Amino acid sequence: MNIVKQAAEVICNDQISEGVYDMWLKNMMISHAAPGQFVSVYCKDGSRILPRPISICETDRTNKRFRLVYRVLGEGTKELSRVKKGETIEVMGPLGNGFSIDRTGHAILIGGGIGIPPMVELAKTLQCKKTIVLGYRDAVFLKEAFEGLCEIVIATDDGSTGIKGTVIDAIREKNITGDMIYACGPTPMLRGVKALAEQLGIPAQLSLEERMACGIGACLACVCKSKDKDEHTNVNNKRICKEGPVFFADQIEL
Amino acid sequence: MNIVKQAAEVICNDQISEGVYDMWLKNMMISHAAPGQFVSVYCKDGSRILPRPISICETDRTNKRFRLVYRVLGEGTKELSRVKKGETIEVMGPLGNGFSIDRTGHAILIGGGIGIPPMVELAKTLQCKKTIVLGYRDAVFLKEAFEGLCEIVIATDDGSTGIKGTVIDAIREKNITGDMIYACGPTPMLRGVKALAEQLGIPAQLSLEERMACGIGACLACVCKSKDKDEHTNVNNKRICKEGPVFFADQIEL
Amino acid sequence: MNTSVKIAGVTFQNPVMTASGTFGSGLEYSEFVDLNALGAVVTKGVSNVPWKGNETPRIAETYGGMLNAIGLQNPGIDVFIERDVPFLRSFNTNIIVNVCGKSTEDYIEVVERLTKKEADLLEINISCPNVKEGGIAFGQNPKMVEEITSVLKKHAALPLIMKLSPNVTDITATAKAAEAGGADAISLINTLTGMKIDINKRKFLLGNKTGGLSGPAIKPVALRMVYQASHAVTIPVIGMGGICSGEDALEFIMAGATGVAVGTANFMDPYATIKTIVGIESFMKKNQIGDINELIGCVEENNRPFGGCM
Amino acid sequence: MNTSVKIAGVTFQNPVMTASGTFGSGLEYSEFVDLNALGAVVTKGVSNVPWKGNETPRIAETYGGMLNAIGLQNPGIDVFIERDVPFLRSFNTNIIVNVCGKSTEDYIEVVERLTKKEADLLEINISCPNVKEGGIAFGQNPKMVEEITSVLKKHAALPLIMKLSPNVTDITATAKAAEAGGADAISLINTLTGMKIDINKRKFLLGNKTGGLSGPAIKPVALRMVYQASHAVTIPVIGMGGICSGEDALEFIMAGATGVAVGTANFMDPYATIKTIVGIESFMKKNQIGDINELIGCVEENNRPFGGCM
């Protein structure tokens, strides 16, 4: 699919949880993104020169729209949270490979914190039996997006909703098993998922993060260590923005 | 008068001529500025770190407002031109000394191009007989602000309105004379005014421009050469932002 | 209107190139940019064997700029010649191969592999701040600059551009050293060594501790050095450091650069190279400049009368 | 919570000072800032006789920074002692007088005039890029740095801070030279030499052709040099270069600075010094740090596991 870099109109941009925002943007090309792909969002303030990578949460091809759900972390996402409906922002995408869709068996989706958003498009796309395990520190968000699509299991660090503990704790406690794991979340969680997948003997696809500059594979900023030599640079590194962000767990070191 | 640095609400910001904008801002302290004082306007975009000096065109103490009329020159004034009613911008002021008001005799006000704005407040303040000579390249703006306040003479480079030529040409052609000249405009015009004033034997107050950083006299960026040693640094330099922007013509070199 | 310039006998259809390491070998950006429109594609640094680069994080954003410590990850000259050269040769643009190494022998090995078939010029990176051996050590010492230049000159079939480090007291000394060693051109600046700390973790933000500062933040330093260097040598200068637009490029050209490179700006806007070319052309049109060569080094001393800038 | 630090035996209620030349002698900014709250006021450079400075324009804005070529306009030591000292002494803050000169004799003349009555420390500007004689020439040569330091040390009644130029290949060399010469502390960085061209006029934007780059754009370079210098010497380091906030200041402190100075940021916001102090205090409160001295030089090597920064 072609990558575009264009101004996209903001359809809405609302806070859905403490510091978490839900934004719909208009762009035909990006609305055709595959689950697990992401966009680079450019800041308006010139002092911030690098675009911010944000996963595509959901697409609406009919209306040529796509959705981002993001947490305010630093100045870039703070700026983004202040953009108003009707304004435009520059975005580049769709970027990265996305998840490999396995249409059979039982899929286990695992989303931790701000790793949950890309699971929405994935859950909509997967047509098999599926369970999603959602992990939060405390406040729950985006749960309703999965209702009617998957079986939902929730874990919170503080126990305020669902199981008290991590997504791994929840999976163990509920004895969840299946044929393919799809996961996105903080690195410690992904490490846990990798270990769990190995133990259960289930293949797992992990969506990784790294600081990015170009977002399209040119600068080699965003690598992870890989089992195989990557064909681009012939070393055991893969570019998260290009060969990833999704990798099979047994193909990478974490 | 105390200097403040505060957010000021934009009451309106409209284009009044090709690339020339008229903005009213709300700020009680700055609405008490004297004619010829200016403000420093801070940019929102972090890549532009220095504030822009803009003359106070007019004040409205009753409504705690002041007016700026500015020309879009580079990125900073372009940004300013895009600010919308209801938004706020950071401003510091009132800055500088302002004109020395001579309440008697016949005042000649001379404004060239984007040096015209501060003449509005001055014309409102001066209670004596007064003539304003307005010089433009082509399009006329702010003329209506002087109607009913002064006799108005217009000069344009292209002759599209009034006398074809400079403000100096107009003054000579109309044989305008008086007891005090107040002038603001580009340096070549001010040089002409200085020469004319010497020739006619009339005192002249000139409002100067220079690139500024602090705007309050601390950095010594904005000096002009002065006849007397300035008491601040004991050399023949005066700070335009502090001892100026208005100087008597015989006190400075241009 | 002529926008073409000559560097070391090679004609460039316009002075705008890519800065090494910011454009890969052109493949990724060819989705946005017609490589046929560029003066040259300057490749990511290539070494004799594959290099795996530094630990992540390899970049950090800074105010108006960025730090990078990629560590010259690259597939080595074999893969480069096999894969990237054919791709680049399918376009009508010059190829400048940026060469890196950890020792003089490393550099020689790469330089000897590249002939007219593979590339048009070589750019020798003796100024990369992100590798422990070689790299910047060469670039900060005029004697070593002259030495490596003259050694490589003997082995090179293609014109040599020596890429200078800005992390020096006197850029004219290394510029002259490169010229004395027989360089056909010099390019500058590489990145300024910088650092960022994550105060919450009390750790360096980059895996490599320090990184190279690039982007618009460094433009004034780059421009000053390009001016100084181009007045110190007679060989052509390729200027870079923060160029984001035709206006920026013109500053470098007026300061004395024959060519210019767009680096970090590609990350800010994938169309940055093309916009720079268009910007130069429209400036020339507006100011009725028939030949860009008239503009090279045309900046004049400031004798503006004191006071007033309205 | 203790925010006080000691430099050369002098206690500072907090590490935050003003950077020389950006705050005059405090008078103008006292309209915004309670000088009693500052660790120190560092004055504009003072010379033996009045200096008239450079031609205008003296400043130019750059991307995320600015160039200045004020040329050290100042009223000379007589007026300074008569007018500025009494004003500054009316506040409960340290006074650091920044001293400039065109020759060693010039420096000596000023240094000898300043005793405990007039000031608390002296900062010697051997790194100003905007004067033709003296200034930066001293600051780029380690031997000259050591020499002038040891000469001035003999004539100084007050502790000496040597202010280093960043326009050098190796900042540790000049830092060590200052220490060897007997400096009580070093401060860095002064500005990086830069340039800007007005392409429409084909002229340098500054009257002085080159100017010194300061502001947030240069912070990564400043931080790296402060880290390197503070690891090369045992005397305290005062860090500056682009500090705009408590977070910025903490980066310098963690890198090894005992004191920090806020310069260009004053132009971006006249309250910048106070905001920096408040920012440091709230970081300490949030992280339950009892003594700021715990933070000095606390940055650790990055051993973060490879990959992932969520």
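A, B, C and D are the chain letters, set down in written order, and residue numbers restart from 1 in every chain.
The definition used in the following text is that a contact is a pair of C-beta atoms (placed from the backbone, for glycine too) under 8 Å apart; a residue touches a chain by one contact, two chains touch by 3 or more.
Remember, it's a predicted structure, so these values are computed and weren't measured experimentally.
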For subunit C and subunit D, chains touching each: A, B
Identity of the chain that, by mean CA position, is farthest from subunit C: B
Highest C-beta pair count, chain pair: C-D
Length of the line joining the C-alpha centres of subunit A and subunit C, rounded to whole Å: 36
Separation of mean Cα positions, subunit D and subunit A [Å, integer]: 45
Centre distance in Å when subunit A and subunit B are each reduced to the mean of their C-alpha atoms: 55
Per-residue overlap in subunit D, given as positions that touch at least 2 other chains: 56-57, 63-65, 216, 306-307, 309
Multi-chain contact residues (two or more partners), subunit A: 46-48, 210-211, 224
Touch-based graph of the chains, sorted into line, ring, star, complete or other: complete
Subunit D residues within the subunit B interface of the complex: 21-24, 27-29, 31-32, 44, 50-53, 56-61, 63-66, 68, 70, 73-76, 79, 215-216, 264, 266-271
Subunit A residues within the subunit C interface of the complex: 2-3, 5, 42, 46-51, 92, 210-224, 232-237, 242
Residues of subunit A defined as touching subunit B within the complex: 44-48
Contact set on subunit C toward subunit B in their complex: 63-64, 216, 305-310
Residue ranges of subunit D in contact with subunit C within the complex: 55-57, 62-65, 67, 140, 167-170, 192-197, 199, 201-207, 209-211, 213, 216-221, 223-224, 227, 242, 247, 250-251, 254-255, 283, 298-302, 304, 306-307, 309
